[in-house]
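Look at the two complexes coming up: chain A is in both, with chain B in one and chain C in the other.
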Partner chain A sequence: MTQELSRRALMGATAGSLLLAGGNAGAQQKPSELRVGITTFLSGPASVFGVPSKQMAELLFEQVNAQGGIGGIPVKPYFVDEAPGTEHLVGEYRRLVQNEGVHVMFASISSGSCLACTPLSDEMRKTTLLWDCGTQRIFEEGKHPFAFRTQGFGTPEVLAPLLYLLKHKPDFKSIAVINQDYAWGRDSWELWKTAMDVLKPGVRVVAEMFPRLGATDYSTEVTRLLASRPEVILTTSWGGDLVTLVRQAAERRLFERSTFVMPVAEASLQLLGKTVPAGHVIGARGDHWNNHPKPKDPAKLAKFVDGYRARYNEYPIYPCHHMAQAISALQAGYAKAIAAKGGGWPNDQELANAFRGLTFDTPTSTITLREDGQGLEDQIVGLSSFNDKFPFAVPKDMIMFPAAMVSTPVGMKSVDWLKTLTPAILAQTPAPI
Partner chain B sequence: MIAEGLIALVGAGVLLAVAIAVPWLKFVLTIALAKGIAVLGILLLLRAGQVSFGHAMFLATGAYTVAFLAPAMPEALLLIPLGGLFAGLLGLLVGLFVVRYRDIFFGMLNLAISMVLYSLLEKLYHLTKGTDGIRVARATYAGFDLPRETQEWLMFAIALGLAALFGTLVAAYLRSPMGRALAGIKTRETRLEFLGVSARRVLLFAYVASAVMGGIAGTLVALTTRHVTPLLGYWTSSGELVFIAILGGAGSAVGAFLGAVAFELVRVYAAASVADAWQMILGGVLLLVILFAPGGLWGILAGRLKVRA
Partner chain C sequence: MVGWLQDNGLLLGLAALDGLAYAALVFMVAVGLNLVFGVLRIVNVAHGSLFAIGAYTAASLGLFFASQGLPPLAGYFALVLAAALVGALLGPLIERFLLRRIYGHEEVLQLLVTFALFMILEDVQKLVWGVQPVSQDLPMTYLGTIDVPFGDDVIPFTKYQLFVLPGIAVATLVGLALFLRRTLAGRMIVAVTADKEAATAMGIDATRIMLLTFTAGAALAALGGALASPTTSLVPGVGAQTIVLSFAVVATAGLGQIEGAALTSLMMGLGRSVAVYFAPEFEVVVPYLIMVAVLLVRPQGLFGVLETRRV
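Right after this comes the complex of A and B.
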């Protein structure tokens, strides 16, 4: 019914049919379908993350619906493109909540989008799962009672590769950084530098380079890196930028001189094939490697990976895992809320209450949401290597960093917390698995 | 003039009715009205035959004025004129330079300068928080801290009021000798100089006026979306404003708002119906307008109603 009305409004876009489209929000009794609004990149450079995650969402919702949906009703996703920018996105958020009457929002790949959407979740009292964005600012700059992040965030995703590097190559003396020139590129370097300065003071930074987002030529940067001979090169770049950088660096044999640390490499490895040489530090923004050495349920992970491969003919990348985590959290959250209400359908507040402290399964392990809404996701970092099973680089000698060890505690700012670290944290680092 | 005013009045009535009937569209319409105000500025320059491909810099100036000042001084009724003031000052500075150029050079210089501002917003990371942008603190209105619903209505009303104000001012300006001189720049500038009118001064006045309107539009966008990012000043945003001017039709002040509302609605509905190909629909609409209605939406409407623009 709702569907039909909004479709008619779409077709007509006249004042008359718009009138009909209003006012189906806020239903208290059990609705006929569970509507989920999902913001993701469907165009632009970040669609390398957005499109696979959308595919994963469609696949998983199909499976969920085939098994009877959530709380006995089918799930219907509404996808929204993040690419047009904040002012369009916050308008779309309102449209989804007020017009389509979505019950839950999944917000954003881009950190800027998440920062714009979380205040809306407070004001509209709509449970919002931050399904992929990484900025540490979200829960450190304010309380958001209706927002929950179902994966890790920037600080552990940078600290874990640093700790790995300190274990793997403890006596490096020089480093260079080449990050994309935007918030994540700057933020991640600040986090890394802060932690490195307390854990291993005296490392010389020979170059700090921030080529523009979407750059297609890194010859100047590569030349400088070849000339300055850093022992370690950090890059938190992603997507097409990372692919281009790695190809141009490999061409000129930069990988033979320096050890690369690439915390966001996982999503680009398939595309790069054998271009990434063995022996460099790679991360996945979490523990979700398709070759996870000790998944909680190996059969489940295999089914997850093979299901996606069968449909789309490629391996799921980390945003697919993040999407799966959010969907799993959605199922667990509703189950908990419905149980708490003795089988009744939860309202917005009751739903949000269920998410606080929730533990849910992921394809590889489990994640618990802290009291501030932040998810505790373990981080696995390893060295790039090749085996017969995968036609691209996968990690070996993996170390799994427990989330609690590498995450900023509740109520602290990441940079302040990183300054309190001592080399003792290295002793806590678990053995490779 | 009277017919134009009547159409504007009817238009305002329709917007109000839609905003009451469909709550979520109130937000979209507020943004549309704000952009319409910025497009009025583009319209002034178009009258002189000049296209600015960098006008979003004034929008961004207004928006960042709000973002920076709101924590210290959260009074919206002061922030809005201040945003206009700062944008006007920037407009004066940039204008002194760019009004010496015409046509493609004018357009490209504007583009270049706007991209300088964009890069600054992005690179002065510790001040502007880069691409992630700044969250705009909650604003007060004449000292009152209002709940969200009232605040949204008030922003809509302010945008509507300012749209009417600037629409009237622009319509009057275009009929004044200064406004006529703008058209003179387009047809033959030398004649203007022979009449003893300085073309540069005429264009500079229009440029600063358009910058002020851009700034005001920016403050409205910032106060409505409550989050500003450098993307507001990117060249695609400037292109969007020119797109809206063409869509609406350069003939009348009403055209700017017609274009802006149509643009936002097409984008919202295109995004809602085909999330992964909305750009194609938007582009298709523009092509259709260029091919079949060169006078824009206002041209269609005026033709139907036999209004002389």
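Right after this comes the complex of A and C.
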């Protein structure tokens, strides 16, 4: 009898599951709250990005909830620390989806975390917004129907500073690189070198150094750079590593001998104050400078910056902008999905469908998600300078590189695409804004 | 080989200067760890946290002094004051209420307890100082740089790294050696290190010696952090990186060996610097290669002595 009941129950459950999987377009009950799982660094060196972005998420979700939430229900974030590693994160992703019942995941700062989470989004059919990681591999090495990156990625973030350098200092003949010894440090150099070799062949690489992530002393590396006298020094380092490198380099007058290119400098400029001298190439992993010369809505950007400053007594850095972009995409995605369903609450598949091709506002501009899930974000690069408004370096002579110009096309791999570039791309570079 | 040396002699000279400064910082941390292990027989994983808290405290005091308009020399006072404060406050607290409960227990338990303390202190750092990098480089910038000739060129080095750090490290080494060998308190420490039971039988208050030693070790860790603070930026996790290298130094030197810690720090500092110039891929691994090479030949460490088994 028990066996018979179990068999019936099993058949019923199976039939129900099939109905749900196949005919999921039916009525989806509106939840009482929209649960969002957010993976970010809350500890370790990368918490210099993770904690400000968490603060921004809390601030923005407060504002969203004060205005009625998303689709009429409040948003509840669940934060998870990326620092313990990918195995832990994978477990946390599953826990959030299966136990906490989150409706959307935001993942992650680390590229390794994103590479671990995107297969889970496929498996669990859970819409996952890749809100900060930059690795180009995500959408170049596979298709992820439930994953969407709401900002740019490594290739445009490296190519734009290189194009800027080629415009600003076209005659440089030697370069050195000092990047952190992990995926981003190595990948960004590979992308830079590949593009540099086709756009300006013959540049001599006098030093390739990859100190360990989290190094606290660069004095030996600085000595070697002083001795080898490269005309250009590239560093894609970030956080405390970049702060230490810049301080030690500035004290020993390395900035007077070489032009630095720092594609990720923006997040450290506040901390460095006047230490970064004027005239060096700085980037922000996007267009989100707090002194953006032509934001789409100046009042909106001012409110965004001032709101964060009022709460936390510091300027928002680029991970804060990236978090804001993901939250804006979340709002726009739900609005589109609900509208497509005639006011009904979307299921997971319908929600993911809404994100494909979605255009959403950011504090500075708009971003469109391509058919592969990758966001198209413009890149603004400039030269470090000082003015009366900011107590730290901000860019001048900014060039805004359109996302389509510096992004790998859909279906191509970045290194292969970069090899197809010709110096003609320099002619397409827009004038400074 | 001779030709290579002729070609790269100048670079090796630069590497030696860099290695010296790096070795000085490593020694300051490792010597405290070594001292503590020698007397307490506990591998204190939380030593790295004391380094970090010393560094953060020095930076905060330096920033506070600067904000009060005190002269730049006050920045150096901040370094010493931070080490003294951390050593005097945290040292006795940790020894009296935590370590004293686990003396003589299994090493695994001791490791777990000090690791737990390390994790707690890591969070305490984040609570107090946040997660953004903290920097106070006035003690370094105040002294300025000195130009070291390099062929037809000159290479600027900071006087702080070239003179202050090695100078303090040498002073610490000499001072500790004299203290341990020429003073009564020092000899009592040596006696407890050699044989705690015999020392106790001779009337030495081993409990007090252990408290004093741990406090001194904590102060040395904090001083190492304080001295490092003007040259770097402090972020969460800085203590973890320091403690790993310090363990390598202690293991290579021989547990409880002060002079061994100095020599090992110098070897590792120079080895790392040479690697940065000629084989940067090996920069991180060189100190550990040195450790493995030494331990293969002398498992007790460079200066360690084999203990006879007691029955």
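Simple rule for what comes next: the second predicted complex is superposed on the first by the 406 of 433 C-alpha atoms of A that agree within 3 Å, B and C clash if a C-alpha of one lies under 4 Å from a C-alpha of the other, contacts with A are read in each partner's own complex, and residues count from 1 in each chain.
Convention: a residue touches a chain if its C-beta (ideal position, glycine included) is under 8 Å from a C-beta of that chain, and two chains touch if they have at least 3 such contacts.
This is a predicted model, so every value here is computed, not measured.
Participant: Kindly classify A:Arg186 by the partners it touches after superposition: chain B alone (first), chain C alone (second), both, or neither?
Facilitator: The first partner, chain B, only.
Participant: With the two complexes superposed on chain A, say which partner A:Pro432 touches: chain B (first), chain C (second), both, or neither.
Facilitator: Touch partners of A:Pro432: none, neither chain B nor chain C.
Participant: In the overlay, answer first, second, both or neither for which of chain B and chain C A:Thr86 touches.
Facilitator: Touch status of A:Thr86: first partner only.
Participant: Just to be sure I read the superposition right, which of the two partners does A:Ser111 touch: chain B = first, chain C = second, or both, or neither?
Facilitator: In the superposition, A:Ser111 touches chain B alone.
Participant: For A:Asn99, decide between first (touching chain B), second (touching chain C), both and neither.
Facilitator: first
Participant: Check the residue A:Thr135 against both partner chains and state whether it touches chain B (first), chain C (second), both, or neither.
Facilitator: After superposing on A, A:Thr135 lies in contact with chain B but is clear of chain C.
Participant: Figure out whether A:Pro119 sits in contact with chain B (first) or chain C (second), or with both, or with neither.
Facilitator: Only chain B; A:Pro119 stays clear of chain C.
Participant: Just checking: does A:Pro77 make contact with chain B only, chain C only, both, or neither of them? Give me first, second, both or neither.
Facilitator: After superposition on chain A, A:Pro77 lies in contact with neither partner.
Participant: Applying the document's definition of touch, where does A:Ser43 land relative to chain B and chain C: first, second, both, or neither?
Facilitator: In the superposition, A:Ser43 contacts both chain B and chain C.
Participant: Would you tell me the residues on chain A in contact with chain B in one complex that are also in contact with chain C in the other?
Facilitator: Chain A residues touching both partners: 43, 51, 181.
Participant: Name, in rising order, each residue of chain A that touches chain C in their complex.
Facilitator: It comes out as residues 43-45, 47-48, 50-52, 181, 207-212, 214-217, 219-221, 223-224, 226-227, 229, 239-240, 243-244, 247-248, 251-253, 268, 271, 314.
Participant: If you look only at chain C, which of its residues touch chain A in the complex?
Facilitator: Residue positions touching the partner: 11, 14-15, 17-19, 21-22, 25, 122-123, 126, 130-133, 135, 137, 140-141, 145, 150, 153, 155-158, 161, 228, 231-238, 241-242, 272-273, 276-277, 280-281, 283-284.
Participant: Would you pull the chain B residues touching chain A in the complex into a rising list?
Facilitator: Against chain A, the touching part of chain B is residues 14, 17-18, 21-25, 27-28, 31, 122-123, 125, 129-133, 135, 148, 221, 224-229, 231-232, 237, 264-265, 267-269, 271-273, 275-276, 278-279.
Participant: Which of the residues in chain A end up touching chain B in this complex?
Facilitator: Going through chain A, the ones touching chain B are 6-7, 9-10, 13, 15, 18-19, 21-23, 42-43, 51, 79-81, 84-88, 90-92, 94-95, 97-99, 111-112, 115-116, 119, 123, 135, 137, 141, 181-183, 186, 213.
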